[in-house]
Amino acid sequence: MPYVNIKVTGGSEAPSAEQKAELIREVTDVLVRVLGKNPATTTVIIEEIPMDNWGMGGETTTVRRRKAAAQKTS
Amino acid sequence: MPYVNIKVTGGSEAPSAEQKAELIREVTDVLVRVLGKNPATTTVIIEEIPMDNWGMGGETTTVRRRKAAAQKTS
Amino acid sequence: MPYVNIKVTGGSEAPSAEQKAELIREVTDVLVRVLGKNPATTTVIIEEIPMDNWGMGGETTTVRRRKAAAQKTS
Amino acid sequence: MPYVNIKVTGGSEAPSAEQKAELIREVTDVLVRVLGKNPATTTVIIEEIPMDNWGMGGETTTVRRRKAAAQKTS
Amino acid sequence: MPYVNIKVTGGSEAPSAEQKAELIREVTDVLVRVLGKNPATTTVIIEEIPMDNWGMGGETTTVRRRKAAAQKTS
Amino acid sequence: MPYVNIKVTGGSEAPSAEQKAELIREVTDVLVRVLGKNPATTTVIIEEIPMDNWGMGGETTTVRRRKAAAQKTS
């Protein structure tokens, strides 16, 4: 009966339909294997968050990715 | 002061504006009737989740709906 | 297949087991009636939040309740 | 290590990219200043909710805004 | 940078500290393997929900477990 | 009308009542200042997550804190 909510960055980093299907299958498997949960009532929801809306270290992911790219090329 | 978050499948299963208004009104009524909450400060948020992003039983809703449809026509 | 998360104040305002059962039953009914959802796969989770942890108008509920009580008796 | 989820109305009320960046920076600062948290591991996610999907007082924000506008002009 | 929130039933069904550590490790692994995410910034939060607060099919888990147990012994 | 949910580690790292009140006041102020939101309808909820239930980098916070402490004393 577990409920799992997964938030990942969307936009150019959005997972494909195949990746989402695999993510749902594998996370459900973990719940079954580790906690003995019933897969039939296990819900997994994936939410894709735009990079301007996801902050870490006080900066948006848009800025973080730009800085990381600049660092690589410099 | 309650806060209610409702997640439903979107896409072709997305609720209409009328259904969302009714859902908000009725869920607020339940909070008032059952718990005596103040409707003025009761928040209800509806989130529509794409069918590829909602898994149950280890499968996406896209796959689940396709299988259910196949079963019906066979 | 909807997922509903209801947050209410806990502590001295926590709902009883009977109220929680009724809340779950009635909110599930609303989802069935308004959106035609399948009750068997409708999940409702209630979370009780301590009054010091719930703020509105920039104040904790603890402070808000104290002020409301003071206003009543004055 | 805190995790902050901020839901605001979207559509015509959606914050700009600049406002979202400022919101992330300032909320992270509050966590650092008030709780001494490490900004590097502080996550802030902003979710924009359509006005038909956000209810308060049993009404959608769409309806609430229309009523507020009508009251102003009458 | 993904954020994962897992809700499971608590009380007599609460996972042990070992199970929680394994759940966190394995779910993080899935995010790395399927989506190529950075484990260092992957957050997994487990929330344990009392059985009276978790409803499915319009009934609390407390009632569902009691019915399932009754069915087994009859 | 924004809704803010803040998750922090609890147990020995739990914020005091004063810190929670300050956090609620300051985060509400940020929403007012940056987005021009109405404080009266701004909700801030703080959730305290046990350290065994919060994972980052594939490890529980319990383990992460122990390792950090060992590194300091060695």
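Lettered A, B, C, D, E and F in written order, each chain numbered from 1.
Everything that follows uses one rule, which is that a contact is a pair of C-beta atoms (placed from the backbone, for glycine too) under 8 Å apart; a residue touches a chain by one contact, two chains touch by 3 or more.
All values derive from a computational prediction rather than experimental measurement.
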Other chains in touch with both subunit D and subunit F: B, E
Compare the two sides of the subunit C and subunit E interface and say whether they are made mostly of the same residue numbers, over half shared, or of different ones. different
Which of these pairs, B-F, D-F or A-D, matches B-D in more than half of the residue pairs in contact? A-D
Taking each chain's centre as the mean of its CA atoms, how far is subunit A from subunit F in angstrom? 21
Whole-Å separation of chain centres (CA-atom averages), subunit B against subunit C: 17
Of all residues in subunit C, the ones touching two or more other chains: 1, 3, 7, 27, 41, 43, 45, 54, 56
Chain-chain contacts as defined at top: A-B, A-C, A-D, A-E, B-C, B-D, B-F, C-E, C-F, D-E, D-F, E-F
Hey, which residues of subunit D end up touching subunit E in the complex? 1, 3, 41, 43, 45
Listed in rising order, subunit D residues that touch subunit B in their complex are 7, 49, 52-60, 62-63
What residues on subunit D touch subunit F, complex-wise? 1-9, 15, 19, 22-23, 26-27, 30-31, 33-35, 37, 41, 54, 56, 61
Interfacial residue positions of subunit C with respect to subunit E in the complex: 17, 20-21, 24-25, 27-29, 39-48
